[in-house]
Amino acid sequence: MIVVMKASCSEENIEHVLTVLEKHGLTGHPSRGVERTVIGVLGAVGPSGAPGAIGGINPTIGETLESLPCVDSVLRVSKPYKLASREFHPENTTVEVPVACVDGGSVFIGGDAVVMMAGPCTVESEKQLMTTAEAVRKEGAVILRGGAFKPSTSPYGFRGLGEEGLRLLAKARSEFGMAVITEVMTPSDVPMVCEYADILQIGTRNMQNYMLLDEVGRTQKPVVLKRGMSATFEEWLLAAEYVLSQGNRNVILCERGIRTFEKMTRNTMDISAIPLIKQISHLPIISDPSQGTGRRDLVTPMTLASVAAGTDALLIEVHPNPDEALKDGAQSLTLDQFQQLMPQLQAVAGAIGRTVITK
Amino acid sequence: MIVVMKASCSEENIEHVLTVLEKHGLTGHPSRGVERTVIGVLGAVGPSGAPGAIGGINPTIGETLESLPCVDSVLRVSKPYKLASREFHPENTTVEVPVACVDGGSVFIGGDAVVMMAGPCTVESEKQLMTTAEAVRKEGAVILRGGAFKPSTSPYGFRGLGEEGLRLLAKARSEFGMAVITEVMTPSDVPMVCEYADILQIGTRNMQNYMLLDEVGRTQKPVVLKRGMSATFEEWLLAAEYVLSQGNRNVILCERGIRTFEKMTRNTMDISAIPLIKQISHLPIISDPSQGTGRRDLVTPMTLASVAAGTDALLIEVHPNPDEALKDGAQSLTLDQFQQLMPQLQAVAGAIGRTVITK
Amino acid sequence: MIVVMKASCSEENIEHVLTVLEKHGLTGHPSRGVERTVIGVLGAVGPSGAPGAIGGINPTIGETLESLPCVDSVLRVSKPYKLASREFHPENTTVEVPVACVDGGSVFIGGDAVVMMAGPCTVESEKQLMTTAEAVRKEGAVILRGGAFKPSTSPYGFRGLGEEGLRLLAKARSEFGMAVITEVMTPSDVPMVCEYADILQIGTRNMQNYMLLDEVGRTQKPVVLKRGMSATFEEWLLAAEYVLSQGNRNVILCERGIRTFEKMTRNTMDISAIPLIKQISHLPIISDPSQGTGRRDLVTPMTLASVAAGTDALLIEVHPNPDEALKDGAQSLTLDQFQQLMPQLQAVAGAIGRTVITK
Amino acid sequence: MIVVMKASCSEENIEHVLTVLEKHGLTGHPSRGVERTVIGVLGAVGPSGAPGAIGGINPTIGETLESLPCVDSVLRVSKPYKLASREFHPENTTVEVPVACVDGGSVFIGGDAVVMMAGPCTVESEKQLMTTAEAVRKEGAVILRGGAFKPSTSPYGFRGLGEEGLRLLAKARSEFGMAVITEVMTPSDVPMVCEYADILQIGTRNMQNYMLLDEVGRTQKPVVLKRGMSATFEEWLLAAEYVLSQGNRNVILCERGIRTFEKMTRNTMDISAIPLIKQISHLPIISDPSQGTGRRDLVTPMTLASVAAGTDALLIEVHPNPDEALKDGAQSLTLDQFQQLMPQLQAVAGAIGRTVITK
């Protein structure tokens, strides 16, 4: 951390900053330049080793110093996350998911091959789920998505079938050999969802639901952590750090669009998140073009764009009859559209030297 | 709801839309213009009376229709919220909070007088809390704020004293006669927080934590619902609708800044939310200039601006020694600054014909 | 246009709306429903045929009606742009650019093949430009980009070589047979830039510089219109409409990233603009991953993603020695990186059934 | 400037950074810490004294260094603006405007008293302008606003009366003794607008129209520089620096709302800009609640909020019959509403110890 003093600051001001630093357990080294003084701070602010090593240091100390009238600005040298950082963990992390229908019995998210996760936004009925699962499996999807607990912006909307939805997902798994990913919305549901699901999904609205992050961090289940709808990359990695620091290293990040001024798409899908996260983190990153755009007519091109940009997996909403869906029909592909997507996806993956796991 | 067809649409397309509407329990009335056809839809989409009356209608049906290739756009005539809407509840709602130290034993948020809620961001120790409470009470604050459970962006930050913090708040209440407002972060904590607090606060990160909203909706405690950091007014009122529709009518909205591209302030405080919410809703609205700006040097002017714009109450962070605060010292006023603020606040309130409750 | 009245409105209110409509040359048709009255408005608001046909109708009449206390909202049925709209011009537009070095002597932007435009951000010297032009031409670029007039956020930054830069671009054109694209920043420079350039570029800061749009609209030069940094799709198409309505139909749109809360990238590149613009407009759309991300390490993946999403051309910054560039070195590829990019780009284009024009 | 190296960097990497710095005329001083090396850079990047002193230093050198694979981040110590900075110009600047109707014959924007600038969005006719001018003058406005050249998002909208509008403004000035503020949109119009106007307004879409900024910088007329709709505070001050560095020190900043995700208001008016700009700059700051909100029902509360937050002047749109306005009627106050506003404004100004100039 570097404290930049105002040009007009006095020696007393500098002393005051040094005293404040000391009270927070830190040491400052002033360097007096022609135009202004800067104070280098020793003692890491942020995790300095194993989680917990930080002791009592206040992560908002930077802002506190910046609020002093004699201080111009405070520059941060360290990253606030560590376990999620590529700098301290140079090799890619891959997350293993047991999948009965593939050779070898499991897939590795974050490895050489791209993985397709597809299925309905929400589990509506056994027939809807089984039809969809069978169709997407036939085209090469190996993980089945489907919501049993659904966040609904309106209290009058459909909020999912709950445990009955989970049971249907488990049934589809045993029938088609696919793994199951489904959302968990609150800490007390974690044990129940863990019983049925292979991957826990944390939704965009819960990216900073810290007690939920703690709770899934105490399991060893793979966790797909969606980007909060207005989360910076740093906040997203800090949310991952919550899960990682509880001991669960099976974290997968998922870009699903951010909120901007543009309303013709439901969200603005930030494809650059894919290569950028790969630069700054070792965690796998996947993409959700259905949520990312909210428009069926954009799902196919944005899927192909994600693959070209390096995504490790895809989450695609598919519905046998989207016009009658109880939720988010507008962004679901039909079974036909999904069938047409898969060979295109394989061609683009091939063009950048990757394969797609389908069996 | 009005479905606008594309200029090029055929009669079959129109029939298809009518069929989709029927499958969702709605009836369409086409009106063929020179340039294009529009279809008026009867049957309310969204709550049409008492909560629950909506039956099985899908709130995303509009998007589903919009995704049809023959449809240009879908225009919504009804508001998706009802209990929170001024249109269906023209009179102002006031929320009563029992406060021992004032004449009459309670204050009404949303009434003629402005209410000051002040205290530390986070309860750190008995001494810090008591010193602050005594000082802010002396200047006229009647409600004590203080976090026992704190959301921290980093897992390595201070997350509050938990129940011990609640006990200290209750002690301050009994000593100074103030009411207590504090945050509740997860459904399972609601009963415990209700035991100690007079007002439950839902933080910005939890504005769409629907299970938490349900849970506080099942109590009768006043609830301060902070605006999500990227929530539209509509989403915010829908979050209020969650609480209201569970039977708790004591909802108070709180503007606390939104996320924008500007980083010199922690958030961009949207003062226009105050008069706008008063136009479209009957619920009280208060403001939090500490969170709204993140900078101590902006808290006083933004407090005065909030009052001039019509805020019903203020949430202000005050700390006896902000430079040593464990969290968010940068945005806390000193006791001196708070003392200077109160007469200015009273002068501005007076200028627009309101008073400030201080006893 | 449809005017939705408040539930509480009176007959007098409805009459008032009808009178206001009449004063603006429009006719209203009230339709009284159970819950509320809506008024359908005849008479197009927005261009109703050839440009100019709109006569004196005020495009902000919708907002004016919405500001009446008895009106709940105003819903717009027509699009405000017409010449740029796919609805009124279903076939793709292709823009021909004369390029000496390719078979046939010209390329068509918006056709089956993808076109590479590459070169330095800013023309710095003859040597820098010639080296870059030669290298990018060798790898298959057919259009040379390079700024002679440069917008600089700081008045103390490098603002380009001006006409000397244009002369160097023309020299590179005659030497390598490439076409030249360069920015024009102010109406009075249009004739001069037209003398040297094959494509005029309107930069993001000038997307709503209406006098400049008028001026380039009065030429027949191809115009690349960059998306304003906080422009909606509608505003962008309205800017295109300015150029089109002056008689210049050679408009090419260019996605170059929008401003969001995320600061780790210079802009958030909105890849979904590519397929979306293709849905709502017939104009070609190209992409600029250098400006779109501001980071060299993201240019290659975002180029490939753009191609997978359907871009018609690419604008890529390349510099022989980016570390010494006078401007925007951070986002320029080295000559080596550009050489590696081209075969990947061709592979991805091939995967979606397109070719890349290189000769 | 401080260059933070990656933890994994080698001595060669450090040497490379030093070499790049040297090529840009800068000197680096490495400081090797336990965890990583940081390099302090001597030689100012940004204006180091009188404008022009910067010589050839590239303001994007920071980004260039940051793009090196061995560099983690680059921290900027200096501000990129100087003439606009409070740090180098501690006293408030006041801008004198000659106003015949007030005692003393001029007003000082940025002084103790608040100034009201009011009038129609656009000059539509002599009658409309004279009626409005007379009415707002009667209530205490001393500066008349009115657009002769209007930016219109649509090419089919009303773009103003041009020079005829300027003549009408000048006529109103001579009749009522008010000063006149009006927008100038392109460099070639500056001399003409200077003939008629007392204050030149640069609109939000032109905040980064650098040739226009240069041109008004070469006059000595007061310039109201509106904040760009997605401009950061830093970019805004850099735009002011353009005007200042040309020799025109009469710059007044104007907050008029920024673009956010919220669409119920036309813009999100950032009231915190008022006290924040006063912290970091010595220039006067005024506010435009009409553009800032786009809604008449919010103009009065946002005017009062601006005053409470410390604004130096107000720009308010007033129209004798807003329902018939050719542009932006929705955000114009009626004459009656303006009459009611003025005493409230004076009361709030009084509450914070300021007066309002009315004669």
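A, B, C and D are the chain letters, set down in written order, and residue numbers restart from 1 in every chain.
Everything below uses one rule, namely that a contact is a pair of C-beta atoms (placed from the backbone, for glycine too) under 8 Å apart; a residue touches a chain by one contact, two chains touch by 3 or more.
Keep in mind that what you see is a predicted model, and the values were worked out from it rather than measured.
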| Which chains make contact with chain A and with chain D at once? | B, C
| task | State the chain with the largest centre-to-centre distance from chain C, centres being mean CA positions. | result | B
| Which integer distance in Å separates the CA centroid of chain A from that of chain C? | 32
| From the C-alpha centre of chain C to that of chain D, how far is it in Å? | 27
| query | Residues of chain C touching 2+ other chains? | reply | 230, 259-261, 263, 295, 297
| chain A residues touching chain B - in the complex, by the definition given at the top | 20, 23-24, 46-47, 51-52, 54, 56, 58-60, 63-64, 66-69, 80-81, 151-159, 185-188, 205-206, 208-212, 229-230, 235, 238, 241-242, 245, 259, 266, 294-297, 322-331
| Can you list the residues on chain B that touch chain C in the complex? | 2, 4, 6-8, 31, 33, 35-36, 38, 40, 42, 44, 72-73, 75-78, 87-88, 90, 259-261, 263
| task | Enumerate the contact residues on chain A facing chain C in the complex. | result | 230, 232-234, 258, 260-265, 268-272, 274-276, 279-280, 292-293, 295, 297-298, 301-302, 304-310, 344, 347-348, 350-352
